[in-house]
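Below you'll find the structures, each written out as structure tokens.
The two complexes that follow have chain A in common; it is paired with chain B in the first and with chain C in the second.
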Partner chain A sequence: MLRKVIKSNEFVIFLILVFLSLVVGTINPAFFSISTVFDILRAAIVYFIMAFGLLPIMIAGGIDISFVAIAAVTSYATHMLLIKYGYQGGIVPYYLIACTMGLLAGLLNGFLVTRFNLPVFNVSLATFTMWYGFNLFFVGATSNFDLPKGTVGYYAKFLITSQDPLVGTTGLHESILYVVVIGIFIWWFLKYTTIGRGVYAIGGNREVAIRSGFNVTMIMLVIFAIMGILSAIAGVTQAFLSRYFNPVIFIGQPLDVLAAVILGGASVTGGRGSVIGTALGVLLIQLINRTLILTGIPVEWQKLVLGIILILFTSIPALRERRIKRMGHTTELLQE
Partner chain B sequence: MRKGWFVLITFVTIVALVAACAPKPAETPVTTKPEAGEQLVFATVVKSIAFNWFKRMETGVLQFGKDQGVKAFMEGPSQVDSAAQVGIIEDLIAQKVNAICNVPYGVPENEPAQKKAMDAGIIVVGHEAATAKEGTLHYDVEAFDNCAYGEEMVKELATRMGEEGKYMQFVGSLTNASHNEWMDCAKAYAEKNYPKLQFVSKYESKEDQEVAYNTMKDVLRTHPDIKGVMGAAAGDVVGAGRAIEEAGLQDKIAVVGTSIPSYAGELLKTGAVDLAMAWDPATAGYACNMVALKMIKGEEIKDGMDLGVPGYEKIKLVKGVNGVMVIYGSAWIKMDAKNMDQYPF
Partner chain C sequence: MTTRPKISLPKERLTSFFEAAYIDSQTLQLIGVFFVLVIFFAAIDKKFLSSQSITSMGFQLPELGILSLAMMLTILTGGINLSVNATSNLAAVLAGFFMLKVVPPDATGVQMVFYIGIALLIALLVGLITGIINGFLIGYIGVNPILATLATMTFFTGISTGLTGGATVTGFPESLAVIGHEKLLGIPIPFIIFVLLTILTHYLLYRTAFGFKLRMLGSNPVASEFSAIENKVVLMKTYVLSGILSAITGILIMSRTMSAAIEYGTTTYVLLTILISVLANVVSGFGNVINVFISIIILQILSTGFHMILAGIRGSSFFKDFAWGVLLILIFIVNYFVYQRKRS
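On to the complex of A and B.
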């Protein structure tokens, strides 16, 4: 049991996280503070949510990038709609309307994929472009800073606050609770529901899954619906955390989320992936993004360094896999 | 089979809906043609009329028309599109307007249409087109020289920092030519004139306020003694200002950068952002039309002359990289909590 944990991909990512934290903390002791933890978590919240939405699709063998566009169109359109009618209330209607839109947008992807038997990536490439275009052309092209009165101050709703001498008040934002709830839901969905097991089956071998009696169409529609809803939650949450609605929010970020899910052990070809691994992958990407400033690496070097770290880190699980294969199939079976 | 029909009908409906909603091809914007001895007609063509920025420019264009007794109007595609913009210019040539002030989306794509207008005897002045080829514009008008703007920004910052201490810069991206020109000139100017200013680093905000916010937080950890922040993209000072405000450091750190009140308004009021700098599209539109009017009146455009427009009192005339003559103003505007209400854009 212990050996299995130590050899797991999640544990490797966890070790890398710890190692990287130690290195950064040694270079810049200011890193070791509770406010740093809160800050990194705060920045990671929406990435957790989007990555959890993407995970089932990756496990089923698909690569999607349209979730960022769905987040943008659902959050921005909801906001423009509500302020058009002079809405001044709280945040809940935002989530309800955006999630409904997200559900429909997710189902559109699912419909195109299942009905016409198209690759997930191709469909998502189309809807990615389409939704951003829709937002800019039909909804609006400028960032909007007018928040309803009932939502002002949401960005500072903390569960715990900490006073830091350098960066002032930081806190653990309450939307971290969404992450926990969504994470547990996705874990339960993948592990204990027939549909969830079907997701792994489709990613492992689609033909076999169909022959074993899994309703592939229904499963794909469900996971796309989940992705759509979670994208909408991420879009609305980010808008309120940063206090403005942006029609092209996340447009440069789909690769950060994809990289996080892959770092977390999901296979690009499907069949593998876990919630814990994904969460660790998100944290790792966030940490890498943050460390470069904290360690004082010049900005011109940031991209190069990030690329090198990504190559190193992504190749570790692959190398381990190759070693396992070389050692023979029996060893792998014995480990189980 | 029935499902097939359903899909087909849905598809056709969607296509029909999209087609119905799509923008109509550039329509003829005005119907009145100028006749001999009648009022002059000046058209201003912009990248797209759907942006607040150009709505603001329109107020300047209309003001110009009122002040100078010219029939001046603004036209542009409903979404940024060089082909649609060229279509509008060709319509204007057919209508024989007297002058066109063009703000091209794609500079090279607009050049042939501009040349055609010039050949038809129309005065053509550009804005944001300093890279245009020789012979495709009579003049190009720019609000300011990038280097001078950067220097002005660092002067404002240095004053607010007491001319000493650490400062940092944000650029939208390391590949954005104007952002980097502002910041590099600012740094060079500071090195020469403010020896006690200490440059920390130039950070990339990726044109994203959230990135600027997170970066600012990490900079506060790494350089707790930071005293000044410069922003290039409109959201840079907003993201940085939020981090500084949350840290309660708005009185200790000076934040100066390009932004507009609709972005930075709240933070200008709280003092988290000290000064937003920009150029006013209204005066740029006014100046662009003014150059055309002076040419029609037969006045020579000379280095150092006064266009009679705020910020363009002492213009600089320089040959652009591709040969077009560029008129530089020093038309930056500075907005703080006190005067921001005058700039509703």
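On to the complex of A and C.
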């Protein structure tokens, strides 16, 4: 059991995470504070949600980048719609309307993929461009800062707060609960439902999955629906955390999320991937992004350091995998 | 993947050019889309076919075009190069720094040409080195191409950011502008460069042993490894070529804007080059340079055309993004029905 854990890809990512924390902590002891943890988690919340939505699609062997566009169009369109009718209530309708839109947008991807037998990536590229263009041209091209009265203060709804001598009161935002609930749901979905097992089957070998009686069309539609809904949740959550609605939110981020999921052990060709790994992958990328400031490296050189770290840390799992491959097929079987 | 139907004409009728051009149904379809769009926009706005608008398109499309060639080569091997745009910006920044720091302001005409030549060489060298880094990571270490080039994209952008501090580098010698602004026999020089590189890429892919190996590697890496093709070396060469093409794009951007900065293009350019490859039906192992060429022109027509029609409407420049997406989906659907009918 322990051997299995130690040999897993998740464990390697975990070690890298610990190692990086120790390095940053040695350079700047301020890193080891509860406020840093809260800060990183707060920044990571929406990426967790989007990565969890992307994970089943990756396991089924597809690469999607349109989830960011769905997040943008659902959150922004919902907001503009509600604002237009002078809505002043709470946040629940936001989630309801956005999730409905997200569901439809996800199903559109799923429909195109299954009905016309298209690669997921091609469809997602088309819908990515389409939704951002739609958002900017038909809905609006400027950020909107008027939040309804009922939602003011949501950004500071903390689950637990802590007093920090340096930065004052910091807290863990309650939307981290969504992450936990969604994470457990996706884990349960992938492990204990027939559809979830079908996702792995499709990724492993699509033809075999069809022959063994999995309803591939239905499974694909379900995972795209999940992706759409989770993207919508991520979009609305991000807007409320940053207190404004941005029509091009996340436009530069799809590859970051994709990288996080792949880093977490999901295979690009499908069949492999886990919730824990994905969560660790997201956490690692956010940790690198957020902690470079603490190391005292000049701002203009931080991106360079980020690049070097990324090159190193993507090479480690690759080198490891190459060694396993060289050792032959049997070790791979033992490892599973 | 859909299999590629080959139109079989009597052998003796085919000139070697058409054999080389390899006109497949996707090409015909793209040419069809091209004419439909041209007629559509020309019918709405007479100015669309004016020499002025065509020339401006000729200046605009080569940058994205050459970048798409760089992307296409890597997609053919089953990989991807997300660092194309970062490479071109880095090449421009380094060549720009050379011109600012080394070139004396009182250089005479001949000296100037010499210095600019060296600056361009530096840019190409940057392309070479970035390509070697990518090729090493992907071919020799075996990092997933998405992860590897995403990391190097950050790394290359990081170097440019560090050197420039995020600011735009300007103040280059006037004669640099020739490449990006002048015309030769009425044709914009960037467009000529783009056409030459397209032909060169086509030659490389379909007329050389390297091109054959590259496509074989893309269609089945295991089979190619066992057929005595050194996958590592082929991958390395491919990413080096991709890097050099990106660097040439960097030179064109630098010459057109007379500046170098980290933010030119950014993420949208990278995704657009992938979009063009998808539109041209480039998949690992199979792809046609002519299709890429037509696809770029189609995208440019859509962008220029809608820009003309919708001029004055709020956010008009964003409509093209929407149109690109819709067009792509339409082409997918048409493709599906075309191939399905052929099958049955």
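For this structure, a couple of remarks:
Just so it is clear, the second predicted complex is superposed on the first by the 333 of 336 C-alpha atoms of A that agree within 3 Å, B and C clash if a C-alpha of one lies under 4 Å from a C-alpha of the other, contacts with A are read in each partner's own complex, and residues count from 1 in each chain.
Here, a residue touches a chain if its C-beta (ideal position, glycine included) is under 8 Å from a C-beta of that chain, and two chains touch if they have at least 3 such contacts.
For clarity, every value in this text was computed on a predicted model and none was experimentally measured.
After superposition onto chain A, the modelled positions of chain B and chain C overlap sterically.
In the superposed model, A:Leu136 lies in contact with both chain B and chain C. In the superposed model, A:Arg290 lies in contact with chain B only, and not with chain C. Looking at the shared chain after the overlay, A:Leu304 reaches chain C, while chain B stays out of its contact range.
In the superposition on chain A, contact of A:Arg322 is made with chain C only, not with chain B.
Look at A:Asn109: by the touch rule set out above, it reaches neither chain B nor chain C. Touch criterion met: A:Asn28 reaches chain B, while chain C stays clear of it. The partner of chain A that touches more of its residues, comparing chain B with chain C, is C. Common to the chain B-facing and chain C-facing surfaces of chain A are residues 136-138, 141, 252, 298, 300, 302.
Residues 82, 137, 141-144, 146-148, 150-159, 161-162, 164-166, 266-268, 271, 274-275, 278, 314-316, 318-326, 328-329, 332-333, 336 of chain C are the ones touching chain A in the complex. Touching chain B in their complex are the following residues of chain A: 28, 30-31, 33, 36, 39, 43, 115, 136-138, 141-143, 145, 156, 165-170, 238, 242-244, 246, 252, 289-290, 293-294, 296, 298-300, 302.
Those residues of chain B that touch chain A in the complex are listed here as 7, 21, 50-52, 79, 174, 201-204, 206, 208-210, 213-215, 217-222, 224, 235, 239, 242-243, 246-249, 262-263, 265-266. Of all the residues in chain A, the ones that touch chain C in their complex are 63, 65, 112, 116-118, 121-123, 125-134, 136-138, 140-141, 251-252, 255-256, 258-259, 262-263, 268, 298, 300-308, 310-311, 314-315, 318-319, 321-322.
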